[in-house]
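Read from first to last, the chains carry the letters A, B, C and D; within each, the first residue is number 1.
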Amino acid sequence: MTLTLSPDVQDAIAALRDQLCTLHAELTRYQLVIWTAGNVSARVPGSDLMVIKPSGVPYDSLTPGHMVVCDLDGRAVAGELSPSSDTAAHAYVYRHMPDVGGVVHTHSTYATAWAARGEPIPCVLTMIADEFGGDIPVGPFAVIGDDSIGRGIVATLARSNSPAVLMRNHGPFTVGGTARDAVKAAVMLEDVARTVHISRQLGAPLPIEAADIDRLHRRYQNAYGQTGGN
Amino acid sequence: MTLTLSPDVQDAIAALRDQLCTLHAELTRYQLVIWTAGNVSARVPGSDLMVIKPSGVPYDSLTPGHMVVCDLDGRAVAGELSPSSDTAAHAYVYRHMPDVGGVVHTHSTYATAWAARGEPIPCVLTMIADEFGGDIPVGPFAVIGDDSIGRGIVATLARSNSPAVLMRNHGPFTVGGTARDAVKAAVMLEDVARTVHISRQLGAPLPIEAADIDRLHRRYQNAYGQTGGN
Amino acid sequence: MTLTLSPDVQDAIAALRDQLCTLHAELTRYQLVIWTAGNVSARVPGSDLMVIKPSGVPYDSLTPGHMVVCDLDGRAVAGELSPSSDTAAHAYVYRHMPDVGGVVHTHSTYATAWAARGEPIPCVLTMIADEFGGDIPVGPFAVIGDDSIGRGIVATLARSNSPAVLMRNHGPFTVGGTARDAVKAAVMLEDVARTVHISRQLGAPLPIEAADIDRLHRRYQNAYGQTGGN
Amino acid sequence: MTLTLSPDVQDAIAALRDQLCTLHAELTRYQLVIWTAGNVSARVPGSDLMVIKPSGVPYDSLTPGHMVVCDLDGRAVAGELSPSSDTAAHAYVYRHMPDVGGVVHTHSTYATAWAARGEPIPCVLTMIADEFGGDIPVGPFAVIGDDSIGRGIVATLARSNSPAVLMRNHGPFTVGGTARDAVKAAVMLEDVARTVHISRQLGAPLPIEAADIDRLHRRYQNAYGQTGGN
């Protein structure tokens, strides 16, 4: 298959190939993934394309050239390797959530432990209010092979402030305006999943009132960082 | 805003910029922070100034030049970046605790887990007696945006030997004579928070008698290390 | 003892010596082993030989030349060091499981914790269905010194889809078509042992239906990665 | 104080200074210590001297020249720094256990968690049988400042096969024929303390029969490694 791409889109793809290498290294640094079990993708601005990790390639070996360019139905259009086996789910999210520019999937330990019980993570930390704006929701059980994982992600996120969903018996997916935002959400998700788990082991964490959660979420989404974003 | 600073104060600021880089690296080394979620500050001796981490900058990218100089009301007076969103709390501590030369804030996992339950860490280890002089106290729930976090820290520490306070549903703040002392307290806090948590999972840790706690605390504060301090 | 080996077998042995160095480094990277307590072996294709880690040598010091070539009764035939004290168990597996090309033994924390209770790891994660095809079984208690460990491994794996067995009060053994496959199974085993443990601490993980487990297992064994294998 | 030492003893001290640097790095590699809270010492063969870590020096900064030579009453006889605040306990062990050539003290998390409850670690893993020869015992509560810690260590170890003792509310001490053996025991202690803790969280680990424990211990002490020792 040959595709004619504008120079702008070609430049965007080249930049995203580099960026995805850096971002996969964040997944290993924060121990969110083992072996080859997790992936980051990015939408290519100004096109109906996405860039994603190849299937089954170890994180240490990943180079920008390994990344696979796919259309938004998940079909590879450039790159010599097969795309991640989770490509269909990423593609579904890009087709149905136009504001999403990046998607991350991991099986990070504590988030997956909540997902295995099908239990949302309650908003009992200011950090959860800041980043997730409330409880972190659970998505349905869905088996790889058709659109059911993608549908479950989109339907669950539509009912929530959260950029993260815990897919039942499977693991988390996170989204963001950019791939970096989605990775940040994946890192913070595992951190709060762990902290709330540990807190719950010896008793009940104290609740935070809904008005305080909203106040914290609004402030963090608007004022944090150097540029008003994250 | 332009500020005329004596050469001594200028030298002190330059030294603290370097030192804060080194100390933020201790936070990542001991895994007390993720992404950009934690900060160290230092009072500038001989002035009404403090130096603090900028907001939203990853730890790996931090350079001495990134650090932000603020007055003790938390307003930036030098540096191109915005100071940490926790600056008001640090500034409040320096205004009300004249012996404090350094402040650290993290969301370290085990300390935050105790904070989420609003439960003090009991003094059941000689290491807690040494460094914290008794139970490690919990501060009130307080939302960012005014002086309430700073007030909660100062009021709680005033009633305790401990250089650490667990702010409810939020995370720990630690203080010290220097920024390095405050970082040491943050590192030891997470260590004892984890050890006591794990001990409690399978039963009740044995208490240490109050007289022994006092004896250990006095000795450690006076005799440990190469110089009679820490 | 001198052995006349064909050039092909000599080349295969040289390649496996290198590969085993790389693979032992994966055991330390994923923290599956401490000190000298774990080992990887590989069958030498086209021969009745295996290559295995020497006994009591720290992972950091391991070189290709340290690896010990043994016959399939576990007797060293080349190499100056004594082979791993677990060599008899590895050799028994190669003698009785002709499709196995690699064996790994560790005492990785969470897998060994299940083994100490003699409790199989239930298949409550899609990752377990993918890689292990069902519950991960427990083998009998067996003391080193004769064939009883090897017999326990082989008898348990014969009744299961799983490439991993939890030897009671001892630790896990994993097998694979190659040594790398066996290491991958050891890494994934510890990951799922930890995740299911943590999930169980706060309630009951939800079951996955047997038909879904079979579907996931078939797909993963046939379609994942770049080449139809792993 | 000046001491006349034979060339052999001077050489032995120089070698031990180097070795203690390497061994303290094992404590940080296996995360048995934080900040400056743990220490290794070695007896100087052919003399009534020991070499030990200085007090309050961070592990990253340790050099051979920092190590402090003490007599077996714990008084520094060479070196510019003060010896570890635990020197009296190490010295007591060397005076009363002539076969001990190395002593290690840490506050490693899981071992200390058992120590806080005053509960021995039961011998439910073959690795515990191998290295510790039975349950790992608890020593008395003792406050630093006189011989009571040393007395508690020696009295507890005298009643056990174990090279490790869990000092109540404090942390573990381990001993060995050499400093390296004592470090190995400290590393294995934390590993089994963690594994048995985790196993116990979800039920009761299965016991190992006394005859099997003895058999494993005898074999491991006599046959493991390249030289018949460890």
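By definition in this document, a contact is a pair of C-beta atoms (placed from the backbone, for glycine too) under 8 Å apart; a residue touches a chain by one contact, two chains touch by 3 or more.
Protein names from UniProt, one per chain: A, B, C, D = L-ribulose-5-phosphate 4-epimerase.
These figures come from a predicted structure and were not determined experimentally.
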item: Fewest touching-chain hops separating subunit A from subunit D; value: 2
item: Angle (degrees, nearest 5) of the CA superposition of subunit B onto subunit D; value: 90
item: Classification of the subunit A:subunit B interface as same or different, half of numbers criterion; value: different
item: Geometric centre distance via CA averages, subunit C-subunit A, whole Å; value: 32
item: Numbers and ranges of subunit C residues touching at least 2 other chains; value: 201
item: Interchain contacts, given as pairs of chains that touch; value: A-B, A-C, B-D, C-D
item: Residue ranges of subunit A touching subunit C (in the complex, touch as defined); value: 34-37, 54-57, 81-82, 85, 107, 109-110, 112-114, 116-119, 141, 143-145, 168-171, 197, 200-201
item: Residues on subunit B engaged by subunit D in the complex (per definition of touch); value: 30, 124-127, 184, 187-188, 191, 194-196, 198-199, 201-206, 208, 212, 215-216, 219, 223-226, 230
